[in-house]
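Chains: A, B, C, D and E, in written order; residue numbering restarts at 1 for each.
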């Protein structure tokens, strides 16, 4: 009974248990938490298989980003709108369990009767260690053989991001007068967008009066009470 | 020679300068006051009276024309009374019988630096045109007037109580007939010592 | 989706019917079916400077409509003062804007003196100017500290309150109280000046400019402060006039209206000082204007103190019948003691008439309107406090603002709930 | 590096953990004192000599308080959420090296709990799991506004984590590895410019990366100008408002631990962990240098908190995506270019 | 008995089946998203197991790309769900026949 087997048993048991939790939990947030648990165990399995980079990446990409997005969506959608807990009619649930079990049996048989593959690739344990570790090995292969696939993957990602933003953008009710900060200008953002309220101005004042003067702002000093008594004189 | 001189001064009342100098606003003879002169010319029957006291001018106007006169004075290119400093009411119950409330608007012209008080006397229950279309600042002032005196302002976008709770059912406190202690009899906590209604301590006169 | 019609637009005189709508009619479902989130910046909120509740209607992050609810600190000062002698009302005015008590006292006392046709002697007028300008510095320091604290700069409030302590000590030497000073009396000051006062003021005047430079170094060139204040809470000059704003809110938008210059009272016409005006009317401009006012107030106090330092003329207009007789006299001579007794119990009967006197308070134009029916009590006392009127512009300014900016917007109007609710 | 018996690693890890927990407690004291000095006041002086017993007093107070759970809350998630932030923050200390392999009492001991060759990414991974503490905490406390507060602070942490990762890529390009011990030892080598020589700290070769890293680290721990959740509790109720006593302490201490970890991380990556004059002679000196650098970073955190006002949420996000991300990418491109020149492949 | 690749294959098959069951039975589209990701992770384990056995690293690189594509896919999917929920339509698989908003 090597230590490895014990760790493997623990991780896979936890992973499968959490996986069942994802399907069985009534509250979607609980199932999301269960999924986090199962992904951490998946990452542990990856590390056991020597693929630390994938393990860490799995946590960062999946658990850290995608699942957080799912959690955001669950929370943003009003709970009243979520469809009530429904795991299919009793017959359907029983049928799916049976089908699942049969499928699992078939795959099990296929696994047992397969012939083990022999070592074809150059990346043996020692060679990977000599190259500096799993990350370097992946880097080496990815950017040499699969360079094209790498570019296509980046294209897919950009399309995904742009699509998500376009679909998800809410239509604003009142145009917010937000001023984006740019560290480039030491004096804070220099070119102000028209920062005044966007709606029809109270005294229908021409729009350009709203833009803030650019750059250093000074105060107009006056001693004479009759100067600058009309609107707009100081901002000339 | 002196006669001639007197005649000439009396008949031709044409003011020497342009008629809009600052001194004319502070002259005790109200006929020279530019605002009084203009309003008498444009609103002859709505301009009721003008009073000078401690170097301040008060004009009394017909309540129905309250908003028009304010518009006129604001948009007049020479008067330019464009600033409403304060709008409040005075309950004249003990001072006179006829109209009960005096709605007073302290108006000010920033370019000419002239302060003026415009009063309109209305009776209890009568309403007066609101100044919100003329000056936005009048919004909260009128809400407070309504809250404290119960005066209705026509055309006010959202006339409701501002200082007291919305469900204040005891009327309007700043009226003279509203007792300073309020209507409710607050329970006196040491019941056994009080035989009859005792004077409250802090006003001393059981008011 | 056409822009939300502002409820407060002002029409030219041709339009008779008022068409603005204030409340978003359908509370929760808007035309676009979007749920509007209403949020309460509750009465007990760290940055509402006292007890004020702001009801906000939000579309996600942007404020659609904001409705300040005040009245939690309403004590009915105007009603109570109808049953008080003229001299008994002075302590009430301390409680109005409790960060600037001397200025409230002065406003009331000048109005009463105008009603009585009485003038304080020149020495008392100079000392009044000194005390009021020191109180203006103190109330502006409170504003600067809390405004920066709301936006996030923690240590600003501790620096500004350190200087304010020095001014509070000066008030304590002068009139015995730090906050509710109750120092002004009708006709001048009835007591002599304490001897340690002038060195104390000199010390403050020597220290203050370097400390003021410390504040502006920390904030004026700080990119995050600029990002949080530039272009936020814009009030156009026309809107400022129309909303009857006064003080730094009006001058921040570039309109030159300072009561000390417009119709000078006390000895302001003999003092040389300047009025700062902003160019664009956003939070940053009002910040610059108020900081400049601090410098000007320092200049005024220095000039006044230099002029009046070793002057020993009487401080009270004893010749007038309306004024309390001198203290020493009441203890020794029978006639003064008898006059003092009548003055305190019956008070004096003011002339019949109506008076409005405005002073340049730290927050804006603080006007007192007294209607007198000849009795010893004011028939009607109207307190036109600048905060109450300036707060009326918050709904206009908050439309389209970000939620996190509400704190800055409330800070920039510089309100103290004592004088808003009266 | 070599393997060593399990109990030695256990002792080293135990020592590191106690040092971390103690320093976490005393960072609270350190912050209150330094913040006080900034604000011209004294800070805690009552408890112990110079307020040294203050962390103990805080702990006792917090334990004494009643730990209430709002009834609208989802009970077990509510109780579990603060643990996530606290444990993941502690977890990332496993990869930070406190020294090389040294001889103590004859046996060689390596002064780091573990050395995995994806060390830096491991810290990012624990950071991204820490986000769950915030989200679940906000969601489970029942009211809609603390949920919104939680979502906003989670969005902030995620977008700044991205920049954290990008700012490190520069170092990975130079050193070629991700394991922190290798990165640290690479910085021990000496660069010689004419007469004098300085140790090759990455802050010198990667200035832009360093600046980006510090900004992202400050944002990641919700500190100083990025402390929106703290301000959030004023406006939209922040996610911590429903918590009380020990649970709140867990969040509170989690923030301090992640602050220390980020300082350790920055010290190791950019300031050459234990490198410093005399560090190679005696390993204790090396650790002393590391502690000094961490103290410097903590002072920087507190200095930011004392002076800078707070960002608004949209400016914060705008800054991350429109300013810092392009800068990070620029940094990567430039470092890659110089690396190519270094290898002579370009010219 | 030491650890062979078969163990990993069996475990990943089990996970895959659980994910498939989840996708088939549950109506809430967000749970379906999660189950899909579980299935991708299961495939990941098999890929890495084989790459470990055949000492080639292509399996791991392949899973890296699968990771990227799955992330992009879920981003777009969630955006659709958010857009629909903004219209007041629940994220319910049966009800979501047409995408016309």
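Everything below uses one rule, namely that contacts are C-beta pairs under 8 Å (C-beta built on N, C-alpha and C of every residue); 3 or more make two chains touch, one makes a residue touch a chain.
Please read all numbers here as calculations on a predicted model, not as lab measurements.
**Q** Steps needed, at minimum, to get from chain D to chain E via touching chains?
**A** Minimal hop count between chain D and chain E: 2.
**Q** Using the contact definition given at the top, which chains are in touch with both chain B and chain D?
**A** The common neighbours are A, C.
**Q** Using the stated contact rule, I'd like to know whether A-B or A-E comes out ahead in C-beta pair count.
**A** It is A-E, judged by the count of C-beta pairs in contact.
**Q** Please name the chain that ends up farthest from chain B once chain centres are defined by their CA atoms averaged.
**A** E
**Q** Whole-Å distance, chain C centre to chain D centre, using C-alpha means?
**A** It comes to 47 Å between the two C-alpha centres.
**Q** Could you put a whole-Å number on the gap between the CA centroids of chain A and chain D?
**A** 22
**Q** Using CA atom averages as chain centres, what separation in Å is found between chain C and chain E?
**A** Chain centroid spacing, chain C to chain E, equals 64 Å.
**Q** What is the distance, in whole Å, between the centres of chain A and chain C, each centre taken as the mean of its C-alpha atoms?
**A** So the centre of chain A lies 51 Å away from the centre of chain C.
**Q** What are the residue numbers in chain C that touch two or more other chains?
**A** Within chain C, residues 8, 10, 34, 61, 224-225, 227, 239, 241-242, 255-257, 262, 396, 402 contact more than one other chain.
**Q** What positions in chain E touch 2 or more of the other chains?
**A** 86, 88
**Q** Residues of chain A that touch two or more other chains: which are they?
**A** 53, 57, 65, 72, 76, 134, 170, 176, 178-179, 181, 183, 202, 225, 229-230
**Q** Taking the complex as given, what residues does chain E use to touch chain A?
**A** The touching residues are 1-3, 5-11, 13-15, 17-22, 24-28, 30-31, 33-35, 37-38, 41, 44-45, 48-58, 60-61, 63-65, 67-76, 78-83, 85-86, 88, 90-92, 95.
**Q** Can you tell me which positions in chain C touch chain A when the two form their complex?
**A** Those residues of chain C that touch chain A are 1, 3-6, 8-10, 30, 32, 34, 59-64, 221, 223-227, 230-232, 234, 236-239, 241-242, 253-258, 261-262, 272-280, 282, 284-285, 288-289, 292, 396, 399-402.
**Q** Enumerate the contact residues on chain C facing chain B in the complex.
**A** Residues of chain C touching chain B: 7-8, 10-13, 15, 17-18, 20-23, 70-71, 74, 76, 78-80, 82-83, 114-115, 117, 239, 241-246, 255-257, 262-263, 353-356, 358, 365, 367, 369, 371, 373, 379-380, 382, 384, 388-389, 391-393, 396, 421-422.
**Q** In their shared complex, at which residues does chain B touch chain C?
**A** Against chain C, the touching part of chain B is residues 53-54, 56, 58, 68, 71-72, 75, 82-86, 88, 90-91, 94-95, 104, 106, 110, 113, 115, 117, 130, 132-141, 144, 148, 155, 157-158, 161-165, 173-174, 178, 180, 203, 207.
**Q** For chain C, which residues are in contact with chain D within the complex?
**A** Per the touch definition, chain C meets chain D at residues 37, 39, 41, 45-47, 61, 148, 151-155, 158-159, 162, 218-219, 222, 224-225, 227-228, 402-407.
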